[in-house]
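What follows is a group of structures, each given as structure tokens.
Both complexes shown next keep chain A, but they swap its partner, so chain B is in the first and chain C is in the second.
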Partner chain A sequence: MAALGSYLLLFTFMVAAYAAAASVAGARRRNSRLIESGIGAFYLVAALMTVASGVIIYAFVAGDYTIRYVQRYSDSVQPLFYKITSYWGGLDGSVMFWVFLLSLFGSVAVRVNRERHRELMPYVVAVISAVEMFFLFLMIIHNNPFETYLTQTPTDGRGLNPLLQNFYMAIHPPTMYLGFVGLTIPFAFGLAALITGHLDDSWLRAVRRWTMFSWFFLSFGLTLGMIWAYEELGWGGFWGWDPVENAGLLPWFTATAFLHSVMVQERRGMLRVWNVTLVIITFLLTIFGTFMTRSGVVQSVHAFGDDPALARLFLSFMAVVALFSFGWVIYRLPLLQARHELDSWVSREAAFLANNWILLFSAFFVLFATMFPTITEMINGERLTVGPPFFNRWMTPIGLMLLALTGIGPLLAWRKSTIENLLQQFLFPVALALAVSGGLVAMGVRVWSSGICFALCGLVFGTIAQEFYRGANVRRGMTGTDLFTAMVGLVGRNKRRYGGYVVHLGIVLMFLGFAGEGFSRDEQLLLKPGEEATVGRYVLRMDAIRVTDDGQKQMVTAHISVKDTDGADLGRMYPAKWYYRKHEEEPTTEVGIRRSFAEDLYIVMPAFELADQTASVEVHVNPLVNWLWVGFGIMALGTGIALLPERALSFAAARMPADAVTASLLAGALLLAPAVAEAQHVDGPASQLQIFSKEVKDVTRKLACWCGGCSKLPVGDCACGHCALVKKEVTQMMDEGRDEKAVLAHYVTPPTEHSQDDVHRGESGHVLLSEPPDVGSGRLAWLLPYALGLLGLAGAGMAAVRWTRRPAVAVAGGPSTVVAPELQSRLDDELRDLD
Partner chain B sequence: MAHKTIKVGLTGLVLSLAFGGLLYSTMGEATEYYKHVDEVMTQPGDWYGKKLQLHGYIVQDSILKRKNSLDYKFKVHSNGHIVEATYTGVVPDTFKDDAEVVLKGTLSSDGFAVSPNGVMAKCPSKYEAKPGAPTS
Partner chain C sequence: MASSPQVPEPTTDQSLPAWQFFLLCGMLSATAVVVVATGQHIANVIILSLTVIAASFVGLAAYRTIGPLVTHVVATAPVVAGGRTRAALEREKTLVLRSIKELEFDYAMGKISPADFDEMGGRLRQRAVGLMQQLDHTAGYRDRIAEDVAAAVAAARPAVAVKACPSCATPFDEDARFCKQCGTSLKG
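Right, the complex of A and B next:
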């Protein structure tokens, strides 16, 4: 296996070299057969890397511990899922994973653009192959994942640290890689455009989807990292400005800048040097990020290797890339002249320019501050560091400026805004921002940065709402549908623009989460049994510390009752320490989190005394933090909209019954609702400690948990504290001799004659049937999911038929034939923007 | 064209000066010296009162914790030099004997006082550990 893998890598290197050489030669000689063979070899690289990946995954799953890498990052007891994810667990494998992804992405990009951007292709192939060659070289020379033990072979692996056998940690690295690797594609196209001199805007069109795709995964990876830090590390925050975190953030800044400045080039033919430079810088930063985390050049709390040889390799590669690419930029400067000059500073393009400057400044600031220790050490041998407060001091105003621009940019007209349209555009958003600030002052909020942030969130929200409303209104007038259908149609007509606004909305929500940090508070308490302590509006009481064991680990769990200051019971929380077998020395801290949209109550138990049942706990109250994750969800939705294929959503373009869209989207939203509720789920170990009879379980499975956080799980299967109580109650009733019907009747009041829905509120107000009874209107509820499924299927079928019949539809005449020319031109003005 | 170049150049100059100045002025209070224990303990007097990030390894069996509190007292060493440190608060899971730590705080004749949340233990990582260093 190992030999096969090593030879595969060697062979792949040769094939990649051939692909690069044949493409360049073919392009220079204008020999299409040579070019074709280069592309063929390029696909072959992807195929070979797939096989090599298969080999290493096989080695992991089969437990081939002759291979060092496999031995180091897995062992025989590891669950299959983590065996597979160990592929990218260490440096060697992650480099290989990188090449694998790059070869796949490259092949797809070449395949898609082969005809449309024929002249760029050979060089795109050559550039990507060259990057692949560098990483393959790195593997073969320095970090071969297939390296074997020479003398004796261990019988079992060392295994992965249990802290890292965590779902977020398993998917966080590949998500980051998807982002990092994806950003190589725009770079390859940019460089190909520079080399061939085809510097019109066509290369931009080829890469904007790729950039958006990679940008999304980069954002997703960063968010996953934040969630992991928040839920697992137990320090109450989500971002610590650690060098490794920053490494992921750097290309995010420049990629975001690029996504915006692309529009200026498409619309106005400006910023052409800037765009190509941004693409190059972004690529360099992705390489730099990999280098920074892996070479030990920056001291970080992540124990990454300190490897000077690797550092030298990376530095040389970056230097070569920078020299080569910027050399071409300078050489092609005459072709990169802007077609227009900036007309006015009160224009959309000026706002984009400002946004770009700020984003680029952020990237360089973060880079500078991260590298500061290394820089000072180089200058005077003294290692000086700057901490999170320094980052926060700078990044807070920078973030606020960006947020302000998010609100202002879309309100400005291209070229030049007149006073009149400024007034017309800004009136509502500014009024909203002022109203928010007024409200805040009235409420007595005195945290400046957060207050400004809230006001700016109001501004941006106002902007987005106004854009949607005005666009939809124009469209409604045109198509005669209702406002909501018009809005969907509007989004369908210009997905990139309105998808972008949805992304902005997500950003606003994320900023709410950031602003909430200004109000967070934390306290360290010593809790004795029965003693109460007050933190903010919460009253905590330690009930007990219990030790349980599930075979894999020993769990020391604090049972803490939480009430609010009015005495209302808010349930129990269970911060814990887990001691895994074989890793007793490294307990993991399990955070107790009580989530709500307003604030999280977050309890960590760093130390405890079993003998006298006391625990030292750290309590954080984190307002608004959940909006971060919600915001990211919205952002993902927006990116999804912007990435939709050209004609998706065209079903809303007025040929369907007017209200169908509204209705089906509402149905969709209802289907999504349980996922939202889940965000508040509060886990508790209570059920693990209690045993109920089978009868009780059967009965309670017919009841739904209605605590608000458990996505209405059947009580019998739910682990929350509330359900534990219900189960106890049911046990009691059954002990009293009541039968199943009677018990259920206790929780369910019979539906009144008029109630059409299947939500029957029980006498306790908390527990409801988890499955509708199989009689009367209950049957309807059983049918509903199937009906919705069929509806979806029918919708998909209709869409498929429509799309295949597209030309006929166009001939049959869309709404455009019946629209007054004046309205049409107005709509065109509105819609032409950005796309 | 020349006029424009001057304008852009001047704007750039003013902006970079302003930012440079701001950066410099905010830098002063934010910087901390990053030192290994031995570097500091050869001339401890020179470092009294300065903000430090101290890098070292926890001396075996030196971690003392006051009962029913989060007060810790422990020793950190590197290259044969040892310093005693005090800390109150939550320590990371990886804080234990022989762990590689970075402590933020100030040195005085009483030892090294770690500031709140100032204990960073090397994160257990999927990635390669430094050869020879503790693997956690």
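Right, the complex of A and C next:
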């Protein structure tokens, strides 16, 4: 089996090389036989990778523990589902899975576009094959998943990491990879267009759907990651700015920017260089994301270990790709020149420019902040921590700006908006936003970021509703049907636009979820059987702690009954700790969640004492969290509408809503299905029973968890055993009368005084602070984003200024000539036919 | 399976298409695997047979790779070099027409003032008309289609029955000297 697999990979590498060479040679010599053969070889890669995947899945299912990879990531007691998903449980398999998906995806893309973009095809095949070759090469020389033990074959495997034995974690990587891999296709088409010089908009048309599709999967993957973090990591939040999460977010930003700026090129023929550049950057970021996840360059919960050789390989590949593709961009600059004209700063084009600036800034900010610790370590050896508070501080205003643009952009007209129509357009949305904020103030909401977010949600919602209503009204006037039919017709006629609006609606709902975080509450309780405690409007009563075993793991479960403050019974919740066989030293924390659209009750049991049946329980009340998942469902619906084939709605107007709604309901049901979720969080050994004061929590929030497994969460929020120790120590210090500064200084000062201290684990310095300090190289972290943002703003502004100057000349010689009436009527005919 | 390419049939006869042949082989081998693997866990057997079927696609793709090198594939007409500029013009025209439509819609939705609408709409129409004229000048599709149709009709019905015998109206060939029906001399 193992030998067969290795040979398959080798052979696939050769076939991919042939595909690339034959295509390029065929294209250069205009030899259609070679081109056809190259395409055939391209399909052959897909077929071979399918067989190789079959082989490795068989090895997992049949338990062939002579193969190292199989031995390391599975064992015989694992359920079948996880045995199959172990395929992408580790580095080697992930790379293989990546190539497998890329080959399948690429084959479909080539097959679909074979006729329409004949001139681009050979180069598309060559580019994708080259990417496949890199990853195959990586597997063959460095990470062969089929590598075997030479002697002493173990009889059983070590088992998949318990954290990954979770439904969402099992399907999260494939969706993420689909997104990543899918973004290779636009890159391949873009590069093919550059190489062939066919730089009109035809490659964009070929690529649009693929980008949307990949974008959808990327969003899906990110959402799954959020659900996983929420239900598994047990700290009550859903996004921890972990480097691996960020890795998925980076290409998401640039892909979103591309999806928007494509419209400008289509409509106005502007931004050609920019669009090609965006596609290249997006591809580089997907590779970089894979690299970041896999090379361990940034320490993180799930980076798969340190490996300098791998890092070198990835970096050189990226350097080659960047040089090659940007080289082509520069070479083709003369062909990419376009007539740019910006009629007004208050126009859709300008809004898109702003949108691109913000998205690009977000991408580079996240990239920079993620890499910052590595950079400072490289420069002066000091390792700093860039924790969630730092990201939140920056990304909150950025996110709000983006949300505002979502509301403003669609209201602006292409080219030019005047004061009058601005008034007319903005009246309703702004009124709605003001009404929302007024309501919030009346209700006594004083969290500024969440308040603004709600108001902006009102604005965007107003915009979308108005767009649909007015559009339908106009259409009703034109076609004379009722409002609903007009609405369907409207969506059918411009699926991308209105699908996009639906996606915006989903974004609004997601932002509601984000804003809800501002109102979350958490409390720590120490409960014995029979004891009651009140948190918010819930009354919790500890019934018992039970110990059970299912063969794979031992489970310690707290049974807690929940009641309303009015006495109504709300059912039982079961937070637990699971001890997996062979992973006993890292128990997982199972979260009990009671979901509702208003708020979630979220209970974790970080520690327990079986002897006297005491449990320390963390209770979080998270308002509006579920709107995140609902929002994603709506986004899926919107993407579905935008992806519908050209004529889908022209005949069967009623079919779309039914289908799409079912799909999104299904997605929603899938996301909301586990009412009481099983969540996991790997813990350090010593969890302690203690309750900490609010002051201690506030101080410890300024420290980043350094146990090595918690993705640098603030200590105050982290539920792991190590953080319990830190909090205990901080409590002691504060009882002694030390203030916040002194406490933080205690952790930051070098370890000589307390080197034997168990809490410090030999760590000290600024790395323990959850945000870079405002001294030394830490200052860079605060300075550079400003510099980056301003630079981007200046760039976009300069381009805009240059473009506004130009049309003055063009208009002068403009529409003075009289058009022949017969041409006019022909034009009218053609316009009518276009509908 | 997404990887299954449909091979363009190089010959015109009605024999088994390649993909059916390979799929059939794959299924037969899978059946053989199921027989051989009796006693194994059901999941193993399923995965094995799926792998074997996938292997049949390897055969198909290999055929698809080697096929074009050894057989005579009738190459489909390459892109007309001069056609691109035309296509680009057409494309730009659609773009401008779309913009006009969009503008009218935006105007109807009250996003643009009448003055702006007239100015921008006028400019766009101007450009559209310009493009239409340009397209007409480069010997429009109409003429070319007409020529093509005429040529195709001529090719489909070779020039028979152009001339007929003056006395009995029987059609005769170009090189005939006497009518084959009535024997009238056709010369002169």
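General observations
By definition in this document, the second predicted complex is superposed on the first by the 624 of 835 C-alpha atoms of A that agree within 3 Å, B and C clash if a C-alpha of one lies under 4 Å from a C-alpha of the other, contacts with A are read in each partner's own complex, and residues count from 1 in each chain.
As a convention for this text, contacts are C-beta pairs under 8 Å (C-beta built on N, C-alpha and C of every residue); 3 or more make two chains touch, one makes a residue touch a chain.
Everything numeric in this text was worked out from a predicted model, so none of it was measured.
In the superposed model, A:347 lies in contact with neither chain B nor chain C. Of the two partner chains placed by superposition, A:6 touches none, neither chain B nor chain C.
Touch criterion met: A:606 reaches chain B, while chain C stays clear of it. Contact with neither chain B nor chain C is seen for A:396 once the two complexes are overlaid on the shared chain. Once chain A of one complex is fitted onto chain A of the other, the partner contacts of A:385 are limited to chain B, with no touch recorded for chain C. Judged by the touch definition given at the top, the superposed model places A:415 against chain C, while chain B stays out of reach. In the superposition on chain A, A:55 makes contact with chain C only, not with chain B. Taking chain B and chain C in turn and counting the residues of chain A each one touches, the greater count comes from C. Within chain A, no residue touches chain B in one complex and chain C in the other.
Against chain A, the residues of chain C that register as touching in their complex are 1-5, 40-41, 43-44, 47-48, 50-51, 54-55, 57-58, 60-69, 73, 75-76, 78-79, 84, 87-88, 91-92, 94-95, 97-103, 105-106, 108-113, 116, 119-120, 122-123, 125-126, 128-129, 132-133. Across the complex, chain B is touched by residues 73, 89-91, 160-161, 163-164, 169, 173, 233-235, 293-294, 296, 299, 301-307, 361, 368, 372-373, 382-387, 389-390, 393-394, 524, 526, 585-589, 604, 606-607, 609, 612, 614, 616, 618 of chain A.
Those residues of chain A lying in contact with chain C across their complex are 15, 18, 30, 32-34, 36-37, 39-41, 43-44, 46-48, 50-51, 54-55, 57-58, 61-62, 80, 103-104, 107-108, 111, 118-119, 198, 200-202, 266-269, 343, 411-418, 420-421, 424-425, 470-471, 474, 477-478, 811, 814-815, 817, 819-820, 823-824, 826-827, 830-831, 834-835. Of all residues in chain B, only 19, 23, 26-27, 30-35, 53, 55, 65, 67-70, 88-94, 96, 100, 102, 104, 117, 120-131, 133, 136 touch chain A in the complex they form.
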